[in-house]
Each structure stands twice: as structure tokens, then as C-alpha cells.
Amino acid sequence: MTRTARVHRVPMPDPGDCGALAALIDAGTIDPARIVAVMGKTPGNGLTNDHTREFATVTVAGELARRLGVAPAEVRARVLFVLSGGTEGMNAPHLLVFCAGPSAAAEGDERALALATAASVPLAPEAIGRAAQIAATADAVRAAMAEAGITDPADVAFVQVKCPIPMPGDFHDPARAAGLSAASIGTIKGRSRAASALGVAVALGDVGVEDATEAAIAARPDLFTGRACVTAGIDDDRASVLVLGNARGWSGPQSVGSTTMRDPLDAPAVAALLRRLGMTLAGGQAEPAGPLRLAGLIVKGEPPATDRLRGAQHVMLDDSDIHPVRHYRAFMSGVLGAVTGDTHVYLSGGAEHQGPPGGAVVAAIVERQ
Amino acid sequence: MTRTARVHRVPMPDPGDCGALAALIDAGTIDPARIVAVMGKTPGNGLTNDHTREFATVTVAGELARRLGVAPAEVRARVLFVLSGGTEGMNAPHLLVFCAGPSAAAEGDERALALATAASVPLAPEAIGRAAQIAATADAVRAAMAEAGITDPADVAFVQVKCPIPMPGDFHDPARAAGLSAASIGTIKGRSRAASALGVAVALGDVGVEDATEAAIAARPDLFTGRACVTAGIDDDRASVLVLGNARGWSGPQSVGSTTMRDPLDAPAVAALLRRLGMTLAGGQAEPAGPLRLAGLIVKGEPPATDRLRGAQHVMLDDSDIHPVRHYRAFMSGVLGAVTGDTHVYLSGGAEHQGPPGGAVVAAIVERQ
Amino acid sequence: MTRTARVHRVPMPDPGDCGALAALIDAGTIDPARIVAVMGKTPGNGLTNDHTREFATVTVAGELARRLGVAPAEVRARVLFVLSGGTEGMNAPHLLVFCAGPSAAAEGDERALALATAASVPLAPEAIGRAAQIAATADAVRAAMAEAGITDPADVAFVQVKCPIPMPGDFHDPARAAGLSAASIGTIKGRSRAASALGVAVALGDVGVEDATEAAIAARPDLFTGRACVTAGIDDDRASVLVLGNARGWSGPQSVGSTTMRDPLDAPAVAALLRRLGMTLAGGQAEPAGPLRLAGLIVKGEPPATDRLRGAQHVMLDDSDIHPVRHYRAFMSGVLGAVTGDTHVYLSGGAEHQGPPGGAVVAAIVERQ
Amino acid sequence: MTRTARVHRVPMPDPGDCGALAALIDAGTIDPARIVAVMGKTPGNGLTNDHTREFATVTVAGELARRLGVAPAEVRARVLFVLSGGTEGMNAPHLLVFCAGPSAAAEGDERALALATAASVPLAPEAIGRAAQIAATADAVRAAMAEAGITDPADVAFVQVKCPIPMPGDFHDPARAAGLSAASIGTIKGRSRAASALGVAVALGDVGVEDATEAAIAARPDLFTGRACVTAGIDDDRASVLVLGNARGWSGPQSVGSTTMRDPLDAPAVAALLRRLGMTLAGGQAEPAGPLRLAGLIVKGEPPATDRLRGAQHVMLDDSDIHPVRHYRAFMSGVLGAVTGDTHVYLSGGAEHQGPPGGAVVAAIVERQ
């Protein structure tokens, strides 16, 4: 008896229509009861007034609620939803549906994709972006590792986090406002991501616990993990984590790996990752006819802090019509597509302590054809 | 006695400031009297209300006029200016300055970069986008080839064309309006590009003269050349061409090559071109320390006609905030950058009869370090 | 025994949150069973990739379904939803909730707001934008008038229409494609609006039935009604109408009136309408302390066809970053706000046969304080 | 013997083409030797990457240089150029050309438009946005008043200022960086505007010199003048001012007045200003056939600090596709157009100490037909 995990990549170009997911459920390919997390890229601008993230969440949670015979709120409590807007360039809007459950297969010699979720203790608004969040996130990572049966942090390939941010209303509560005095709603988002990223780094041993202090939050870019993607969410006061690794006791057809890019042009790092995972490349690009295909690609990076890349000047930081992160996502989807031959990528900005400064974290899930 | 040609890549992030060009002239690196053409990407939106193209042209022509002691209008008559807006993603705004002149070097065994410009006969507004433009452009290509000393069309790597479009006023002239009746200002731009592209195709033997009929203009995407980039301009009633090839009788340090991409993800085609030109790649990307470096990259392509790329859906065609061509340019600069390790590319849309449908034309100029 | 109608203006800045509507239902101000139509402006771009319209519809229909104990689909079948994106400038995203039902009040001397909805027969894709749609829409207007107890077309102040457009799939059905051959998906939207506008015009006597021919559709801008706003929708194959008038037999506190603007600067026409409806103006602007207040403002207009307004040049038609209709809506909300002192306006583009060419239709619902 | 001043409103839709200005010079309507200042709206986005401001300045300065037989740099030293991008909505791109010179007319009983420019002492980067700039600007205003023959500050209707900002390079000079340590390039722009606005306020007696302290800069919005518009420029290290008033000793056909709007909907304040200046309004809008016509309209305001206007919510502050100031300018051009019946307005954002918080400054120049 083993467990099996699988990531399904499902198209969803319209945030009000999850027909492709419904069809996979109808066909028995996806068992809604096994879904533990849903990530996805939606076709909005990915910025403040992007309502496609919530719309897609409402749509998918409603569909799963109907299938499972529970209320949408219960689905949202049970399944970790991490939806991100912005499919610039030729990026394909899609969901990554993470499923796990028991399997009749016997344990073999190979390790296979293992995954589990966990949530931290609730974080008061005044604890967000502080040392308490580092510890709470690290605990959640350890809990999810235990749930997935992963004992060695080296076997964790990647951790996705949804971290909390205070609700705007929290700033208006005098009792709480004191604790929030240093943080505007603008910087608290980055600080929350930073604290949770350090929490992952500590749990995985990428950063020493003695270095991951409150003073280091958003202030020591040299401290980072190359195995995390943290997204801020407003619908929970806990840090929720999804841990992906390769472990014994799991018998599915997929495996996962990760790497870092040193800058936005570091396509060779991605090529090396795909090769390491067993894919074959021709002319620098993954071969469609190879023994493995890409089932999911998750990337965390952010626009450069300066107007230079390898000595060349770019002008995205001064563009008042298109936000720099939109230029960045479009460009990066091209860089990644050149290597993968594919346009599906969960690509997210805001990379505090996630990957080297100016670089990116890349996680790939591959599957036997 | 030979001739020598050289393409200089010059940064120009601000269309009102050509200081980098001025410095190269001051240093003696560029002789303004040898400049025959200036191409460039400027940081505007590359669409209707992009004034950076004309501003950059005014700036550069003014600088050259001061250097040469002539009026700016004379510079614009003598030098072919092809400025294109839109440096999306991390693309670097820059000029490509094409120089040619006599050299004291003796002719060697190698062929080197050869280039020359020519202009067609003037085209009346009613001849634009018609068979007459095909023939006129073909004649101009042949004239430039002769000027460059290239006799075999196989030695031509690439032809840049600036084709005319009727001025808005031409549509208000009753005598001329008759001849223009079928063409709106919107479609005439594409038809002019299409006619000139077929003209290049005929001159180079890529399309048979019997196929390149008026009926084929913008109607037979299967007829194309993989060696042309045509841009529409409003400041001339002639089709002006810049022919680039490799020829004996030229002794400069650069050479040129071209290829086509079958779709926007066809990075392997670009990798193969760089290898064929003698560059070395590592991990799929040009090595900075290799024997050759990229001196110029010119790409002609256009957003896809459908919402699919290799089976995946994209949403750029429905984006009412960012024009599809801006998504496309940002994405393509990532695809190309993954291979070249560089963010300088003259990338232009509107690819009628230029490259295979849905694909692109790529020309690269490389230079010994 | 009379009937009573009332239009409630309800804020809805977030398309996923109809809390203000829920509060009015909780307070007993709005009886969900009396809601016959919901119009509204949502905060998206109002163009192709605006998902806020559907999201807001899903949100409101879901809320009403919970309140009424029926399925959301039944709510959408019973209530006419006309949501429009684009709250540019300082325009306030909001709903207009149209309620009607029996009243215990006796009929007085005054006429009061009367309203009713009706739907046409289903229109096959090949009938859309054709003469059949003119007749079908006119029949629906007459049916709604009868339902509202309005016999004299002069008592109709305004008709809102949601007209059908073929689904993209209809174009791929060979049997149907023949009938659609002349119409692209782009022009069919305008032709459908045009046909339904002519239908309203015929029913109200604003255009003679002999003039409202198939040939006139989208081709005779001189034929128009000043009392219609037609919006295209994809979720029904019928033309649905909401007729607003002032009639005996109705006893509510509101009345309705309409006018046309001759051009986007025609603020005096709006001022005259408000005065005619009984509002007082000071310094050209509606007085907040006057006896009547504005309960709803609905405007149909469109960006100018040329680059001139009263002799002055504007550049909105050439803006490749911001769509002309977004410039127009922002500008118009300023012109209207100068007169009303208010920023709530349902403002919609695409004005074929609705108001004079280059002008607009304006309907105002006013209410005793 | 008197002097005469006149403001010419000149269309300029293309920043590379000042043909309308050239035609007025050719016709003798404008004497280039009398031009003391050129203000204007150009059709860019008015934000960071708007190159149309500099392009229009280059174009106009080049034309005047040719006319006057001097170098463009000398024109730019002699004439105050204040070009501002952003003609949203239906706003007309145009220049306001301010001319002054001797007149043969005798002094009459009426006061007429008087104008003059002056420049402050140079301000070191570390003095920008500090008390020294308040004093320097006040001195410049007094100098321009003296030059214009205006002794009573009550006769000054309006002061336009172009204030300096440190060049980016100044921040890299260690000797200077100390003095700049508190100011990022982002906030220094606002602080410079604020300091110069307080300088105008002091010179005109609108704010007491004891209140206009360094601590008040950008911190006391209750301190303001209703007669200033300050724009930041990078091409000078002095604060340059243009003072407009009505004075004896001037005999031209124009006069000037100003007022403040309390919020963006305060159209009645504008209507009252036009009436006070002698214009007639019908239906709340300036009558084209009245005895006076509007020759220039200059407005300084800024997007609201909150998401409410007169209790209604707007969403411009959360729009990640269109900058709030672009929404604001489009909306305001509608509000102003409703009163003036016209779409020419020099409308600029960044209103520190210029008009009441959330309101605007409006200056109008009117002329006898």
C-alpha cells in the first residue's frame, strides 16, 4: 500500500468557466475528493484591480462544492487555493490541480512525487511580517513534510506558501493599529512574504535559524531559499503551505525538481533542471517526443531593481502604461518557453528571500508520458 | 583594395539623446560620412501614437547634420532611417548603425559582410500595394545587390525595406481617391508591406515571378521570403531597401546570416543559426566568451492569428489594455534572449509574406571579438 | 389599488461583493421578489477581456437565488441583467435595481414611474442584425408597454434593450454559416444593436416603419430614437427590453424623463432635462437640497467618429494605450457630473440609431427626497 | 505709450509639428520676438516615459530659433517653456503662447492683461524642497510683478512656476548626497513643487511668511494659494515664474482671472469665474456668441487622496492599467468643458499648496471677440 500524488494541468481561459476541470472529473481522471490544492494563473492584470483571481476561485470552489455536496466555504477551507493573475505574452491561463490519496500499488525502488498541505497557527495582524511568522511558517512546513512522509529536507523540492496580510480594517482598529504602526498596507504585503519565505528557508535548512531574525526580514536579500514561492492572500489569517518532494511510500507517475535562475536570462539553468529530471532536449528545447513531459512549471521571480540586465538597459521600470511586472512576466514566459517548448507557467512576482537577488526560483513537475 | 562594412549597436534609451552615438563619433569608432542606414528600437508603444520614432529620427539626423555640416533634411535623404517603437519586456532600446566605405585591406579568402542601399522609383498613392510595387521593390533590391557587388541571390542574407504608404491627404484628393477606393488607410499599410515583401521574394528567387501577382498580395501567405523585414513609413514615396549579404571584395570583421522560426517558440532555429554563423552555445545559450559575439539581431514576426500556440491557449488577442503586438514583442524578446543571452533585438510586427505564416524571420550579424 | 415601481441605486465597487444590496434586502428596503431588472456599471475595462460584468452577475444572481430559494439560473431567467464594465474617471460602480409590484395606494392625479420587461421571440443567429430583429424588438417593446399599462408611446421615456449576438460557435455550424456569411463577429454586434434600436424607434413612432428597413440597419444614422439604450449580450437569443415611462395606475415616488445631447459637450441639454423633471439647479448644477434628487442616470453615447469636437482636435482615436471609449466615458462622466453634482451614471457605448450622430441619449429617474 | 500682452492658443496635435504656430508667425499674428513663455499640453501619457513634452519643446524652440536667427539653446534660455503631457478624454493638445511688448495705444480706464517672467537664483540640489526655495521663489514672483508693473498682490491673478528638481546624477555625488539624504527622487519632485507653491503664497500674501516654514513644506495642506500652478522641470536649476495679472499701463484685449474649485465636481465655481470675467452663460455653459471668448484655461488639481467623492466611491486609485491622474484629467476636462463649451485646457497634477486639499486652481484668460 502506497499513496499516489498527481498534478493535473487544466486549461481555464475564462475565470467564469471551469468546464475543462468538470470534464476531467466527469471522465474520472480527477477525483474531486483527492484535491488538496489548486494553483492557477488567471487572465487579469495580476495587480490591484484584478478580479479574475477571486472570480476563478469562486467558480472552481462552486464546482467542487457541487461535486462534493458541501458548501463552497467548506471547499475553500479544505483545499488550498493559490490563484495568481497575469498571463502576459503567450502564457496560457491554467490551473494546477494537486491530488493525493491512497494507492493499491506496491512500493517500488523509485521515489515518486509526494505532497501535502498544512496551515500555521493563526497570526494576529500585529504578528504578520514579524519573527513569529517565520517560526509559524517553519512549523507548518515541518507539519506538511511529516504528513507527506518526508523526513529529509533535501527531499523537498519546493514549497508553495499562501501567507496572510492584515485586512484593511485591521489598520482602523486602535488596539491593533499600535502593533501595525510601522507597516503600511503597501510594505506589509512584502514583509509577510519575506517572513514566510524565511520560515521555509529555516525549515529546509537553507538559512540558519540564527540568521533568520526579525531584523533580517526584507533586509537581507543574501539570505534566501531556492525552493519557495510565497503569495500573499487576504482570505486567511494563517500561513498555508503546500510541500512538494520526492519520497518513498509514493507511487505516482510524476516527480518534481527545482533550481534557481541567477538572472532573467538564465535559461541554461532551466535546461539543466529539465535534463536532471530526465527530459531530453534538442536544440536547447524539451523534446515533445521524449520519455517525460512537463506537467507543471512554477516560477517565482520579480522585475529587476535596476534598469540594467547583463549591461544592457531596459525601460520597463519607467513605463507608466504597462506595469514592470507585466513586462517581466511576458519576457520570462518567453525565456522559459524557449527551453520548455511550452507556454504554461505559474509565474509570480514578489520574490523576497526566494531565490538569489535578481534571479528566480523554478520548480518543475514531470511525468512519464 | 576592398570595401568594409560594419554594423554598430548603440544604446539610445532616450529618443531625445543620442549621446552614445556622439561619443562613438568623437572616439573615431564611427565615421558619420560612412553611415548608410540607421535602424533602431525606440521606447514608445510602437503603435499609432508613438512619437518616439520620429523624435529619435529628428535627434539622430540633427546630430549627423551637425557633424557633416549639412541640413537635417539632407541627412534624411542620404541615410535610410528605419526606427521602430516598442521595447517591451526587457528589450534594450538601441540603434543599429550601418556603415560602409573603402578599405585598405586586401581581399582575402573569406567573404565578409557586404551592404548597400537603394530606393525604388517613386510610387503614386494608387500604385501602393499593387503589382507595380512588387516590381519596383524587386528592382531596388537588384540595384542594391549590384551596388554591394553581390551577384548571386543566395549570398543575400537579409533585406530591410521601408515601404511607402499614402498620406492621409491622398485619400481626400478626388483624382486619387478613385484609385484608392478599395483600400482603407488601415489595410493599405499591410498591403504595402505585402507588395514590397513579394518584391524582395521575387528578386531573391524565393517566390516565382509568375506567382507574385497582384492577386497574391496579402492573400497567399504560403508565398513568402525568409529573408525580408518590411516596415511602412510615411516620409517617402519610394520603397527603400538595405541589402545585407556576405561577399568577396569586402573585408570587415562581421558576417550576416538569417533563418526562419516556424512559430514563436522555435528557439532551436535561432540556436542553429548562431551555431552556423560560428558562435558557441552552452546550455542552449550563446557563450559570452566564445570567438564571435552578436553585433545585431533583426526579427520580423507578428502576433498569432489564432488563440492557440502548440495547442495551448493564450489570451493576448482579447486584451483590451495591452495590444497583442506588445505582448508578442515582450514574449519574443524572452525567447530570443534565452538563446542569445542578450536583450538587444530589432523586433518588428506586420509580417506579410515575410517568413512562414505564424513564424518569423531572424537575421543575425556576428563579429569577431 | 395601484402598482408601484422604484429604482434603487446600490453601490457595488467589488464585483464579488454585493453586500450593500444584501443590506438593503435585510432592511426590507428592497424586496427581492419584486426585482424585475438589474442594470449596473462594474469596474473592469468594459471591453473584450472584462470579466467583472459576468462576475457581478454571478454574485448578484447567487445572492438573489439564496434569498428566493431558487437556482441562480432561474434568477437569470426571471430578472433582466444588463451589466456594463467601465467606470472611468471618477464614475462610481453601482447597480440600478428596478422593482415593481402591487401597491395599496390609491391612484392619484399624478403619473408615476411605470416599468415592465418583456422578451422577444428567439432569434436564430442568421436573423440577428436583420429585419426580423427590428420587428421582434418592436413587438417586445409593445408587450412591455402593455404590461406596464402604457398605451401612448409618448408616455415612454426610455427603453433599455439587451440584444442577442450569435455565439462564436454559431459561425462554425455549416448550416448556419451560410446565413451569417456577410457578418463577422465584429460587425454583428453593432448590427444587432442597430436592429434592436430601430425596433424601439418603430415601436415608439420615432422612425417610420417604412424607413426602418434591413437596408437602413447601421447605414442610416439619421434614423434614430432618442429614447433607447441597446447593449449586446451573449447569454440569451432573445431581445429583452425594459420599458420605463410615467403612467397612471402607478403610485411610486419616482418619475423618469429623457433627452438627447447633440454632442459630448451638450451639458445644457442635461440641465434642461433635470429642470423639466422638477429639480433645481444652482450655478448650473443640481442642488443637493432641492425637492428632488437623482435616483438613476442612464446615458448611451459613443466616441466621436472624427478627431474634432466643436472645431478642436482631440487625440483619443489614435491612443493605442487607452481605448477611445474609455477616454469618452471618463470625459462624459465629467460633463454629466458638472450638471448633476454626482458621479453615478450608467454610461454605455455603441449608439447605433440611439440619439443623433455624435450625440447621446440621456435618461434620468428622479425621486422625491 | 503702454505695453500690450496677449495669449495665443495654438493647436499642436503632433509634438513634431508646430505648423499652426509657424502659420501665425507667417501671418504676422504672432511676433516671435515678443514671446516670453510657451505653455502647452502634449499628447503623451504625462507620466515618466512621456517623451512628447521634450519633443514638442525641441520642435517649438527649433522653429523660434530659425525665426529669430539664434541657437535653440538661446531660445530655451530666453523663453519659459512649460510643456505638460496628457490630453485625456477629449482634451485638445495645444500651446498657450504668451507675448508681451510695447504698444502705441494710450492708457485707458480699463486694466488689461499684464504679464512678465523672472527666474530665481540658482538652487543647489540640497536647497531644493527646502526653506531656501520658498524664499527664492517668492523673490522671483516679486521680480516678475515689478517687471509687469504690478504693485498690489491683489492684482495678480495667477502665477505659473517651473521649479527645479535635482538631476539623478546629483544623488550620486557624495558631496551632495549628504544634503539629499532625506529625499528620494520620488518625493523631491513633490517637495520642490510644494516649496515653490509656498513661495508664491508668501509673495502674494496668501500665506503668512511666519507659517511658510520648512516644516510646513508638503506637510500643511491647509496652507495654500489659490493662484499658483507649479510644474517640476529638469532643465534648469532655478525656479522660473510667469506672473499674470490685470494692470494699468497695459492695453491689450485680454484680461485674466482665477478661482478655486472645492472638489472635482465644483463646476459652479468655474461658471462664477467666467461670469465675473464678463462672459455670458446659457444653460450653465459659456455662450459662443457672447461678448467675450475664452483664450486660455489653466487648471491645477490632483487625483483625490481617498476613494470617495461627495460620498460616492470611485475606483481610479486601484486601477493598475490607467494611472489615477489620467482618469482625473479626463474627468476634469469633462467637468470644465461642460461649463466652457470647449476642450482646450492646460490641466496639470501635483497640487501641493495649490488650491484647497482635494480641490483645484483655475485661471482663465478671456478676450474681446
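We call the chains A, B, C and D, going by the order they appear; numbering starts again at 1 in every chain.
Please note the rule applied: a residue touches a chain if its C-beta (ideal position, glycine included) is under 8 Å from a C-beta of that chain, and two chains touch if they have at least 3 such contacts.
Bear in mind that the values here come from a model prediction, so they are computed numbers and not experimental data.
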Intersection of the contact lists for chain C and chain D: A, B
Distance-maximising chain from chain B - centres being C-alpha averages: C
Distance from chain C to chain A - Cα centre to Cα centre, in angstrom: 43
Rounded Å distance, chain A centre to chain D centre (Cα mean): 49
Approximate Å spacing (C-alpha centroids) for the pair chain A, chain B: 41
Touching two or more other chains - residue numbers and ranges from chain C: 43, 45, 49, 315, 318, 321
In the complex, chain C residues that touch chain D: 11, 13, 43, 45, 87-93, 264-265, 267-269, 271-272, 281-285, 304, 307, 309-310, 312-316, 318, 321-322, 326-328, 330-339, 341-344
Chain D-touching residues of chain B, taken from the complex the two chains share: 14-16, 43-44, 49, 51-52, 54-55, 58, 321
Residues of chain B touching chain C in the complex: 45, 47-50, 315, 318-321, 323
